[in-house]
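First chain A sits with chain B, and in the next complex the same chain sits with chain C.
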Partner chain A sequence: MSAPQAASGVSTAASPAAAAPVLSVEGFSLTFDAKAQTNLVEDVSFSVAPGRTLCIVGESGCGKSVTSLALMGLLPSPPARIVSGTARFEGSDLFAMSERARADLRGNEMAMIFQEPMTSLNPAFTIGHQIAEGIIRHRKLSKAQARAEALKMLEWVRIPAAAKRLDAYPHQLSGGMRQRVMIAMALANRPKLLIADEPTTALDVTIQAQILALVRRIQQETGTAMILITHDLGVVAEVADDVAVMYAGRIVESGPVEAIFADPQHPYTIGLFGSVPSLERRQGRLATIKGAVPPLQLMPKGCRFAPRCPFADTRCHEQVPPTVSFGAGHKAACWYAPIEQTMGATQ
Partner chain B sequence: MLKIIARRVLVAIPTLVLVTLIVFGLQKILPGDPLLTLAGEERDPQVLAYLREKYRLDDPFHMQYLAWLGNVLTGDFGNSLRTGVPVSTLIAQKLPVTLQLAVMAIIMAMLIGIPAGIISAVRKGTTTDYAANAVALSGMSIPNFWLGIILIMVVSVQWRLLPASGYVPLTENPIQSLRTMLMPSFVLATALAAYLMRHTRSAMLGVLTSDYIRTARAKGLLPKTVILKHALRNALMPIVTLSTLLFGELLAGAVLTEQVFTIPGFGKLIVDAVFTRDYAVVQGVVLCTAVGFIFMNLVADVLYILINPRLRHPQ
Partner chain C sequence: MSSPAEQPILEARGLVKRFGGRRGIFDSSPTVHAVNDVSLRIARGETFAIVGESGCGKSTLGRLLLRLIEASEGEVLYEGQSITALSQREMRRLRRDLQIIFQDPFASLNPRMTVGDIIAEPIRLHGLARGKAVQARVTELLGIVGLRAEYADRYPHEFSGGQRQRIGIARALAGEPKLIIGDEPVSALDVSIQAQVINLLEDLKDRFGLTLVIVAHDLAVIRHMSDRVAVMYLGEIVELSPVDPLYEQPLHPYTQALLGAIPRPDPKDRAAPKLLQGDVPSPTDLPPGCRFHTRCPHARQLCQEIRPVLEDAGGGRGVACHFWREIAQMETATTQRARTDGALDRRLEVYRAAQARREADSSQAGKIL
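And then the complex of A and B:
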């Protein structure tokens, strides 16, 4: 995988504003506890355009998976409750739709693949059946047609001896193969948006690269918009067009991948890059971000990163930082942004 | 598949042998002498000696066992020590009664228990769930004989809807037969339905939170398909286990329920036999019940293989 520092001089792809976004999320907040003072996910906004890949990055528990599940309508509610915000998918607000209308979109216009390929397929049915089932649900196809379509999908995701695998049960496939099946299932109805929640985390490294390559190829062929959730910066460098860095339920920095990698502005993003091991000789210990994400009850009123931030002062703890823009869609939520200028004097 | 089933059948054979040994052996350990029943009031030593000789009671244990086993294999369970009627005849008379009662009870229990369990799992934490659980708890706690008596009083005596007692063979008058068996099988079904409901509920709760259910929903499948196809199919194992076990138990007869509704089934037969130390009858009935139980286990094994593809391709 290429080093995270690679991106600065890359030619600019089509500007993100060019095509109307497939999905645009605005001011999204979510809670699991109606009585809690702080929301698990707070004021999250982002958008993805056709053919583009948005990577949502952050450590476990920062709310990235919950956000994607909420967009898919797969969070059990109660306890989950959307406090505010809109999620416009092709113009209409997902959160205002009926349950039935959302089910019609799921697996059809918008699809999702998950982190756990080993447990995400139903052990009681053949994979051919499970892929065809989604096709029949959304398209008026006969069983035989759907089966033929399922076979095409399996070939497309490069499953060897696809015709034979159609009648295989999940337990007869390896983790990598199962993830390919999940991808085939998700893409069977040519979705406009694909959400991939850490699709390679549970796989070993060689398989990870294959799956990533597969996902990229498919995206190039279909022009689908993709949200990729990951904590692996190597993956981000490889596939992202845009990046949103999440910390403790908020987006702390977002923008085109080149800008984020070349010129990170939020102390958390900087710390995140600092904790990537490099092959070059390192002086001293590998940098880490000190401390841990505070529990929700102890979340500071201001910047949620303040307790762990080396630059934080009382203002950071008390007041929510403004979102500062650096042009070309690059934004960071920090009182000290842009960080070189404000910190230059003291360092 | 057939190979796996054949293997399960072979495994059942040692179990069967063990059962015959226990059935035969226990009788020998029990206190009380069946000859005293046979010999009548006088207990003439000569008569006793003659009987001892006739029934080979002085032979060593294994000889007695083998002789008995040989007879059993040819369908000869001996004669009732009390009435002299062949045990096989008695079993042939009572078995259809018990079988009909058991089948009707288990079907009713499944029809009530499984849907109730599914609904209360899906509506977990709601009033429906609590209500279903409360009903299940009372189903388990209400004694069968009491419920039977109450039903007779209300349904038969006051409303005159169903016959209060008795038995009509299915072959003689199917409708009347089903009518007479309706109340007793319902009484038996209440507790069973409650157990099934509880187990279905917990199995469904376990399955409903699994990743493949999320996948099914992510495909846009409607709740009905997700629950009844993707979830229920995977929750079926414990339900099958319990259903077959409960049915096996029903085959042993239901003493109290049979008594309340005066049904001539296995329960009454075996209780009478035990009280009169009618060894041959006890052995025959117990053996019959045990074989039924082992058979039900076999049925469960085959159903597992049908339900769970992982068992079809053993590594």
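And then the complex of A and C:
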């Protein structure tokens, strides 16, 4: 938890202005089972500065969504229990705050949008009502003022015929429009941090492109810090400033987006890139990552990727790998990175 | 691939499917025009892809091709014979040859049956084996899709998504089919698992000489897997083409928009795409003329009035657009981009080599570390 450690967080090294991070997570571990030997999320650290986008990438079950829910204070506890770590939001530790203080932050200073807008909007209330609700809760405006504010938000996210849509119910809107409403709602109180959990996964590509363009524009206009959680490397390439690759509850590699794409170091990151079919002319078979993520009880003591890694040896299974720096904020947790030097020679 | 003269394994002629539209005093449901006048020929041994966004009718078309639902108009020919008028009994015999795998492997496997019984069912149904031979065949099929023989006694819920998809594939293979339709076969899977299943499908296709029809929305998966692609928009095929020219020089404005909308996996290449405006119109209330004209950046008066038909664009390509020649001249920028990730390629090679060594070792009596 020392200061220099925090300064070498994911986002700071890449941002020239080195603005103080809005959120800085240090050594965060979480479990759902107090008796379990292994934590679901283990020793996760990252930070995100104003106007920057941190993408957390990983496959299902890697802990990316659970981490974001824990930051928002939306995990039921018990069973969830934060084992260790701090999450400094604007300087104060979220995990040490009272539930009341967190409720004041939520939907206000920090907001979240989810993958499926249909299930996160209330079907029984109009769009206008739902946006105004959050405004009234945090800003003590009158109903009429809040409604005017809601209209402004809908226009801002470019909902056509916004005045009419205020009185529409969620089911009357298309998937893309619903996601715009969610974004309007999340941004209504000008949050300093926006967490977006797979915001475009349920949408068609042409609609996804519209939403990503909207998110980018909004971020430029407001300077909101954003954490975007996704499994889609294309989306990462499109919007990220910094990237954290998660595997089985740990960050295995992190750094500026250019470094992650041009110079991936962790075998999981390499395998993941090799698994994605390309839009370019076919270049033979896809690389694969053998097997599947082991259940928590069978997780190795050392590197969690070891059972699926083509390079792993006994040490990898037994000892947690050190985090190695590859310059400019780029770090990977692997005993053998860079693999072409440590492994290429032994062929 | 095959010349057009060769008899296609599966052919659709003027397929139309409408849903709903019953009109009574108390009941008036609007007609959904799901598929409209679709004709296509699928060559033996090819991988044919049907691509489009949600609601474009691609899944309906897939089901029509297998007669899992009845067409409102038009017919389907399998090996030159119409299957549209066949009796249930005759159809059942055909089902051995024509199989389907679904997107959600969990919803398509009976939770009360063991994996062994799920795979054995088509074997017994078609009388392909009896007694002990059934078990032997199930074991063989599990091996073919890369699952262990012991899994036969377990239930679907005990498996991960990727394993369930393998079970679905094993069941589809049980009848020794000639053609398999995959309806979004990998879209519910994580990237690393998706790659495993794509490679498996390709291996099986080679091994058993299958014809594959892939219904999907993921354009990268389609480029990787297919030989030819049909692009659908609101129930119609707007472009049909061999895979490489389609991606390198898309002709239809919708195909161009679709390819332009995909995020590129290259952070150095963040050119703002030309965005399509608005949403897809409802299939219950279709625009007149070209169905794409409401969103098309090139639309003119003619497009609002007359529906373009799929016309021959040369090189085995077809496109349904009045102005495709003009548009092709305007759109000089192609989607071609150079791959610059030298480090990734180098490391992937080391990664693959290590993986191959491991595999060789473990198949040599498990001498793995």
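Throughout what follows, the second predicted complex is superposed on the first by the 325 of 347 C-alpha atoms of A that agree within 3 Å, B and C clash if a C-alpha of one lies under 4 Å from a C-alpha of the other, contacts with A are read in each partner's own complex, and residues count from 1 in each chain.
Definition applied: a residue touches a chain if its C-beta (ideal position, glycine included) is under 8 Å from a C-beta of that chain, and two chains touch if they have at least 3 such contacts.
For clarity, every value in this text was computed on a predicted model and none was experimentally measured.
Colleague: In the superposed model built on chain A, check whether chain B and chain C fit or clash.
Modeller: With chain A as the common anchor, chain B and chain C both fit in the superposed model.
Colleague: Look at A:Val157 in the shared chain and tell me whether it touches chain B only, chain C only, both, or neither; answer first, second, both or neither.
Modeller: Touch partners of A:Val157: none, neither chain B nor chain C.
Colleague: Check the residue A:Pro267 against both partner chains and state whether it touches chain B (first), chain C (second), both, or neither.
Modeller: The second partner, chain C, only.
Colleague: Pick one for A:Leu94: touches chain B only (first), chain C only (second), both, or neither.
Modeller: Neither chain B nor chain C is touched by A:Leu94.
Colleague: So, does A:Ala213 touch the first partner chain B, the second partner chain C, both, or neither?
Modeller: Touch partner of A:Ala213: chain C, not chain B.
Colleague: Just to be sure I read the superposition right, which of the two partners does A:Gly176 touch: chain B = first, chain C = second, or both, or neither?
Modeller: In the superposition, A:Gly176 contacts chain C only.
Colleague: Which one hits more chain A residues, chain B or chain C?
Modeller: C
Colleague: Between the centres of chain B and chain C, viewed from chain A's Cα centre, what angle do you get? Round it to the nearest 10 degrees, please.
Modeller: 80
Colleague: Give one of first, second, both or neither to describe whether A:Met112 is in contact with chain B, with chain C, with both, or with none.
Modeller: A:Met112 contacts chain B only, not chain C.
Colleague: Would you check which partner chain A:Ser120 touches, where first means chain B only, second means chain C only, and both and neither mean what they say?
Modeller: A:Ser120: touches chain B, not chain C.
Colleague: Between chain B and chain C, what is the shortest CA distance in the superposition, whole Å?
Modeller: 8
Colleague: Starting from the residues of chain A touching chain B, keep only those that also touch chain C in the other complex, and list them.
Modeller: No residue sits in both footprints.
Colleague: Chain A touches which residues of chain B in the complex?
Modeller: 210-212, 214-222, 230, 233-234, 307-310, 313
Colleague: Residues of chain C touching chain A in their complex?
Modeller: So the residues of chain C in touch with chain A come to 53-54, 160, 162-163, 190-196, 198-199, 202, 217-221, 223-225, 244, 247-248, 257-270, 272-273, 275-276, 278-280, 335-337, 339-341, 343-344, 346-348, 350-355, 357-358, 369.
Colleague: Any idea which chain A residues touch chain B in the complex?
Modeller: For this pair, the touching residues of chain A are 72, 74, 100, 103-108, 111-112, 114, 116, 119-126, 133-134, 137-138, 169, 171-172, 182, 185-186.
Colleague: Help me check something: in the complex, which residues belonging to chain A touch chain C?
Modeller: So the residues of chain A touching chain C come out as 59-60, 160, 174, 176-177, 204-210, 212-213, 231-238, 240, 257-258, 261-264, 267, 270-282, 285-290, 292, 310-314, 338-340, 343-344, 347.
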